[in-house]
Amino acid sequence: MMRKIFAAGTLLAVSAMPAAHAGATLDAVKAKGFVQCGVSTGLPGFSAANDKGQWAGLDVDVCRAVAAAVFGDASKVKFTPLTAKERFTALQSGEIDMLSRNTTWTLTRDTNLGLNFAGVNYYDGQGFMVHKSLGVKSAKELDGAAICIQAGTTTELNLADYFRSNGMKYQAITYDTSDESVKGFEAGRCDVLTSDQSQLYALRIKLKNPGSAVVLPEVISKEPLGPVVRNGDEDWLKVVRWSLFAMINAEEMGVTSKNVDEMRKTTKDPGKQRLLGLSGIKGQGLKLSDDWSYNIIKQVGNYSEAFEHNVGMGSPLKIARGLNALWSKGGIQYAPPIR
Amino acid sequence: MSEMMQEKYAPGTHPDWEPPATEVGVIGWMRENLFSNWRNSALTLLGVYLVYLIFVPLIDWAIVNADWAGDTRDACTSGGACWVFVKVRFNQFMYGFYPAEEYWRVNATAVLFALMILWLTVPRIPLKRVAGVLTLFVFPIAAYFLLGGGVFGLSEVETTRWGGLTLTLILAVVGIVAAFPLGIILALGRRSEMPIVRALSVAYIELWRGVPLITVLFMSSVMLPLFLPEGVNFDKLLRALIGIILFQASYIAEVVRGGLQAIPKGQYEAADALGLSYGKKMVLIILPQALKLVIPGIVNTFNELFKDTTLVLIIGLLDLLAIIKAALEDSNWLGYSIEGYVFAGAVFWIFCFGMSRYSRALERKLHTGHKR
Amino acid sequence: MTDRKTHPASEEIPAVQLQGVHKWYGEFHVLKNINMDVARGERIVICGPSGSGKSTMIRCINRLEEHQKGHIVVDGTELTSDVKNIEQIRREVGMVFQHFNLFPHLTVLENCTLAPIWVRKMPKAKAEEIAMHFLEKVRIPEQASKFPGQLSGGQQQRVAIARSLCMNPAIMLFDEPTSALDPEMIKEVLDTMIELAETGMTMLCVTHEMGFAKTVANRVVFMDGGEIIETNDPHAFFDNPQHERTQLFLSQVLQH
Amino acid sequence: MTDHTDEQAPAAASFWRDPRKRAIVFQVIVLAIVLGLGAYIFHNTLHNLEKRGISTGFAFLHNEAGFGILFSLIPYDETYTFGRTFLVGLLNTLLVSAIGIVLATILGFIVGVARLSHNWIISRLANLYIEIFRNVPLLLQILFWYFAMLPLLPHPRQSLAFEGGIFLNRRGLYLPAPVAEPGFGWVLVTLGLVIAAVVVLRRWAHRRQEATWQIFPVFWTSLALLIGLPLLSYGLLGAPLDWDYPALKGFNFQGGMTVIPELVALAIALAIYTAAYIAEIVRSGIQSVSHGQTEAAYALGLKRGTTLRLVIIPQAMRVIIPQLTSQYLNLTKNSSLAPAIGYPDLVAVFAGTTLNQTGQAVEIIAMTMGVYLTLSLTISAFMNWYNKRMALVER
């Protein structure tokens, strides 16, 4: 009774959590006409707002891909900037439809939080950046170093584990945000800056003289980052998962946003035909229109395009593909086939 | 003899009566205020040196050597401040991610608010009580619909797109306005003769005043969802506002209590003797006087809250400082944080300085008003 | 006074009855067994050294102070902790304070119309008409739109009297109305009070103005140490005080 | 109506019209609502915690923390428990607050007096100081002082070396740490005795001055006693103290004591910010002392400084102290901005890292708030006591 009164009293401001049965999210998303996507409040290359207030980045492109698949329009997505602390609550409570915010796929998160990881859009790992002048070549030489960290993730634990297992000592200066940690590093407060490797490259650009620092080769943890959805809604999970896979498959087949129209008209390749929804199961299995994957490639691009444009050589970050190269090119990005 | 003098010269203009040059004009002023003795002179020189030490490099960096033109980072070459970054992002810092074609709604709200404040503060405009009621009850609703849209053909703008200085102002204004009634109730409760009511009020006030706002914001963002029934979830902005309002109410309660204490006992007695009930006594006699007394205190509280809104960045709301920080994550503009922070500092300073000036002027006015 | 209400029992029941009233402030016994009847139309002046309990006594009559023992009956209604009775009695009893206690945020006119409008539920026009009537009585109608802070002390006190009269009270209490005033202003207030007395208003007045007592009072009550020492008509009281404490007090007061 | 008796109590009112009884009913209702709301929130919280599979209780405090903390007053490393991280954070909060309070008070009084200086430039500068630092968010100021200070210090390898094994660089100020050897206890005992003796001496001198008008050089005597006797006992016992000197090993200095720059920057920022408020309080306090007091003091032949110290400030203190208290409380609460520059205070290590590692939001936030609440209540209780004492003495 009291609950009812309370709920009625706060009706204006309250959004009830959508029931998490299969298809509910997809239907709800279609009904409201846009995807509500949780992103980072700011992470160079992954999600950041440009001066026109448009969000851009590798994580953002996953959201846009989903919107393109569902609506045929990559712009039908709204972004909710989230901090690390809030991200899971926001997803659990239905505030957002999907979370695309450099979230590491771990057992605990997959099982205990009522969440489902839809795939991996970036294989990352914790690394170290040092001042070049120290002449350090390997993380093993870092005994006694002062290390700048950004608080609030598993970074601190990985670091402690690594130094303990190698019998080394360190001094950790834990800042609230990445911006402060890189400034601390630049000001010489610490010898080493540790973060996910993708971030180290981004943080390096923030230095007045980016050439004065080097990223060490060691990677001390596995950080597969990917989009997340709520548990118990298979249909929605599959839409998000295959939106990502479509981008990777497109790269593998050499279909880009530039040549996709041409391909669609001319291709005789059965694989490409299936990818572009010209034959095979098309959009039926995902309860989407047949041109869902075409829309993704046309409007967002394939994985390689998104990567290069946001974090790769076409961006200020200039991160090498590394682990994120296709399986066929020495990396581990591998998407199940569309057939 | 003196009569003769007065005949020759108008009163006070006799050449012998003029003050010596060392007492008037620039020199006299300097002697009096800067070099009255050797210690004073030393202090003056020290002061001048300090000014030189601080302001010359500052002006050099911020103005002389700064870059203003252009719209990419390539335009920043001189080594001074790169104001291009602020220029390019200016709208975002002001409006957050509010759609550009809807900026007029934010502006309209701000103008509306400014008009209400003018009405409330300029002594010549009548009907203050009407203005008070409008500001407290009508304006917030109007502002909510104007900014949020979804009615009267206004397109909807979700609260996640509100940001920048707009959000800072919303947080501070709503925080104060909504906390006001609660603060008054608490202040009355603290002065109540009912022991349980008094104890609860004291406990509430001391509890909230005893903890830092940062933990309150933590609580509202992380714990509030746990307090509510399953499936009920507030909008993020509202969650933060609830925390700020509950927190702020305790500060307002203490300010109002000060005002209530300053009302002489005779006012209560006269109201009683006229047969006014408790509620009428408070609403008609005591509160109007007390609230007038506490306006400077309220402005100061507002000032504090305004600065404290910078803390909402820890719960992912993009207020002025947070949106500047977010802009610093744009890979095209990495590394211009000093310009961003200086800009934030300047904006905050202008607002807070203005408010503290106003509150002090008001205090002085109330002070003289009382002597009458 | 215009439309004075006729009280049903106005002839039989005294305006105020105090029976065996005691009051303590913690350990301090302020009022000791006070017994007094005030008839309708009677004008009583209460005097005594400071701290004798005279203010406390009249403040008990409209319940600004609460007595702990005994009975106080005002206008036929007994003062109990009953809120309705208290409100009823306060409506019938006007009070004028030493420090005027005008409401500084309201104009003179608003000071006068506030209670009639909010307590008596009178229409605003009617309340203003009555207020102007009484402001004329106290001879300051031209100040109606000013704020109390703009008036002299004597004017303020006259407004305070008018404010009480606007409630059309059956009884008026005066708690040292002139002791906060400069000498030249005392007279204007006393004149107003004398005029009021001439209308037949029931008045209880705590004052040291012995001249006023001689001209106006039906009875003078002398209090000391929380007790009523002596009650007498003014002539007998001043010319032939019975009690030696009264004699001592009068010798000190009348010296100047 | 003459048959009254003395024992008559005033008649009672009917239940609903008696304000006291109404007050009781009202209070019962208010209490019921508050308790009901509390129970409702409690119920919801338990339900939600269970639903999300979050365990409740304080058992997590015994788990191994597994992360390092930059600076600790008590022994700590990764193998200690979360309970220990709480303690470390708490002590760090207390440390920075205490330093900040001392600095803010000194600076605040200087600026406050400077504000009233007859020297135009000095009073303008003091005013400028107040207006700038009061009106910029503290968070920005903390960031500013930290990142402005760091580049001014040398790199570890070019550390400034001082006499006696003291080094200064960007990692902090390195000092030799005293290591007590057997016998050092006696030096401490001597010190304690000397302090007691000085207290007695001061009282004696005071009484003698009142009785005989002779001024005894208390300050110099006390100083001599305080330094001399413990040194003497230290020497006699054969210098029973060893020093652990910091030394450059690898990247950084190891050993000794370290004052980290985060602590310094935070304390300075807090002090500078709060001093702007204290200066205003001091100014208004001094101005509240009537001008007649100053003139009376001048008439007695006291100099300006002496007047300020002996006549004005003691009287102004009555106005100043209550407001000073609330500034101390504010400073303590504001120290919670520490995580911005990586100072490991309670909010950074406990409500930050520990919360992230354990997810025990309710317990951790409650404990953190409890600490600040206790600190506030303690400081204000102490100040209330002090105020009462002052009020008694002054009257």
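Some points to look at:
Chains here go by letter, A, B, C and D, matching the order in which they are written, and residues are numbered from 1 within each.
As a convention for this text, a contact is a pair of C-beta atoms (placed from the backbone, for glycine too) under 8 Å apart; a residue touches a chain by one contact, two chains touch by 3 or more.
These numbers come from a predicted model, not from an experiment.
Contact with both chain C and chain D is made by B.
Of all chains shown, B has the CA centroid lying nearest to the centroid of every protein CA atom. In this assembly, the chain whose C-alpha centre lies farthest from chain A is C. Rounded to whole angstrom, the centroid-to-centroid distance between chain A and chain D, based on C-alpha atoms, equals 44 Å.
Chain A and chain B have Cα centroids lying 39 Å from one another.
Our note on geometry: chain B versus chain C, Cα centroid distance of 48 Å, whole angstroms. Note: centroid distance chain B to chain D, computed from Cα atoms, is 27 Å. Among all residues of chain B, those that touch two or more other chains are 222, 225, 229-230.
Residues of chain D in contact with at least two other chains: 143.
Across the assembly, chain A contributes residues 85, 176-177, 183 that each touch 2 or more other chains.
Across the whole structure, chains are in contact as follows: A-B, A-D, B-C, B-D, C-D. By the touch criterion stated above, chain A contacts chain D in their complex at residues 2, 84-85, 92, 112-114, 134, 142-146, 148, 151-153, 156-157, 159-161, 164, 170-177, 180-181, 183-184, 187-189, 191. On chain B, the positions that touch chain D within their shared complex are 33-34, 36, 40, 43-44, 47-48, 50-51, 193-197, 200, 206-207, 209-215, 218-219, 222-223, 225-230, 303, 307-308, 310-311, 321, 341, 344-345, 348-349, 352-353, 356. Per the touch definition, chain C reaches chain D in the complex via residues 17, 19-20, 22, 33, 35, 67-72, 78-85.
Taken in their complex, chain B has these residues touching chain A: 88-89, 92, 96-98, 100, 158, 160-161, 221-222, 225, 229-236, 238, 313-316, 318, 322, 325-332, 334-335, 337.
Chain D meets chain C in the complex at residues 1, 4-14, 17-20, 22.
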